[in-house]
């Protein structure tokens, strides 16, 4: 038995890719990413929730505010790597894991079994990253 | 290899929550839940389906009609618990499990491997519950 | 030539309806309304916008916060009327008109030609109200 | 009586805005725009269509390919103006008008009564531009 | 001031088109049409609605049941015409107009100002037909 | 840890079903299937992707072009079986597996851990098939 809760937000970034496989996406362009963060647990807490939706939304929003309205090509942490949709999923998921472990989500990470982050880059393409806790 | 079939319906309920974490949701309010019921199986039956979509829709609709257009705070079965989105997922899933075991879905529960129920409470939040059979 | 900008938010309310036509909706129940507020103008301002999306979102959010997480049956302003989806559209639209006239949207109401509010009550039903300015 | 046909595509661009009202969007960032192009007519042609959906999709795709995967700040045609969502709607709509007048849509512009372009910049904000023909 | 209410349903049909412009769609194929029926009025009735959503859904469902699960090429009423998405919009809209005039929607047609029918043939194409009453 | 990438396309087919359980769907009818193809991997390649989205879209589109705008009742490969939504999911998934093994997706099948295909037949029903690699 697995419960999950998902909250949705978005970010708008500029970036470019390195590698011939990317074709025109090697040029500086951008994307709106619709971001879904899913939290999984095998049981509910005393309030009857996996995580508080309001708190989860705030934590996700805080993480996205450090990425949104930026040119990711200029961010030192992404130096030398392509900020593909799938990589950005893992970046956001890892930060949510840290927030969970630091108590930012109001539950210990030991009570969550997994975190999944999905980024929709358009109406016809999206990616996700799932990490067990 | 896993096959799945999902049918969608909705219900409209009133309720309130107990616990400071819920903030303004401690007041009597309500929700439209868009309800997705997923049935999984490792093989198709002789007709080539996991479950008949028409039959699955009828069974789901029957379950939702016992919850919809009600104030869940007044329902004895929910006395003392918060009817959070994730808890309502499990309530509906368990009733689908019972229907499956009683033959209401036209297949024995032994042929279904899992049932998942997802409730969308808004365009930015949803929850789900998955149970193995 | 008409430009428009739309922002989306939501609210969760409880209410009941009076009148046999409403069937089970005469009981206390609730709804999530996904709310779309559209602002129309025949020209863009000096910044190149109809209204600032951030400001429009704040104004809409402020209006919804006075309705959300409430039992509308208890609100004096709705005494004696059914808070149907179409009526709630007009209530929110009229408040947006007032905000526009008071300068809350950063443009005089004379520069906006119309405001439209759409409330989605489920994946299969929605309503809207359009008012010329 | 009005008939309409809409086709959907998307583009991914980088840009920045000038003006304090834009807050963090003054920084170089980007967006995926889901683009809906609507063609209106008061009658159907001999084939029973407003415009051929395949042809309309090709024309729209051709226009978007001249904008997508670019930093709009570097495009001479946008020098000195903010490439807001509403302005980009009008840019694309005017190019569709030109294509219609040049016969690119397979009907004379005199048979189309209006063209509407809607750009969705996220799940919570979109803009549109409508021009009569 | 205009109020509107929309209800959604769907139908699944087979058909083929005549005319080189249709390319591979000249072969027998099919479509799921997601059908949105919109009813407009300048005022609400005594119950506070444009039309009763339940009744509107029933009337729409009744009309769709005469088209769904059929090969439209075999239906005498469509002999000699292409059953394009835009034409099917007008067929359904005209039947809704008849239902409105016959009192099937619970209001006289004189109280409705317009009916709009939109058919979504895929995630990237849709059509609509609007008729004033 | 699992990464995934999904691309969306669609196809429009005619078919009929054999078996009383299908009711009116025993008649020749049709469907638009919105098709989502998901590719899973436990690590990203040197470019930072699971699969190249452009290439995955092309491969999926090629597979769908062999099914779309056809009456599946006439296709020898489906002789004697119902082309239900869940079966068509598996047909498309198996072809994607073949493409992956043949190098058509630009990565060896050994680097992908699973492929999932989801077909949406309407706004209220969909099916999927997942195969491990």
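We call the chains A, B, C, D, E and F, going by the order they appear; numbering starts again at 1 in every chain.
As a working rule, contacts are C-beta pairs under 8 Å (C-beta built on N, C-alpha and C of every residue); 3 or more make two chains touch, one makes a residue touch a chain.
Small disclaimer: the values here were computed from a predicted structure and weren't measured.
Student: How would you label the chain A and chain B contact, same or different, if same means the shared numbers make up over half of all numbers there?
Tutor: The interface of chain A with chain B is built from mostly unshared positions.
Student: Determine how many degrees of rotation, between 0 and 180 and to the nearest 5, align the Cα atoms of chain C with the equivalent atoms in chain F.
Tutor: When the C-alpha atoms are superposed, chain C turns by 180 degrees onto chain F.
Student: Return the distance between the CA-based centres of chain D and chain E, expressed in whole Å.
Tutor: 27
Student: Which residues belonging to chain F are in contact with no fewer than two other chains?
Tutor: Residues 8, 123-124 of chain F each touch two or more of the other chains.
Student: Using the touch rule from the top, collect the residues of chain A that touch chain B in their complex.
Tutor: 1-9, 44, 47-50, 52-55, 57, 106
Student: Within their complex, state which residues of chain C touch chain E.
Tutor: Those in contact with chain E are residues 17, 19, 21-23, 81-87, 89-90, 123-132.
Student: Inside the complex, what are the residues of chain D that reach chain A?
Tutor: On the chain D side, the touching residues are 8, 10, 12-15, 24-25, 27-34, 68-71, 121-124.
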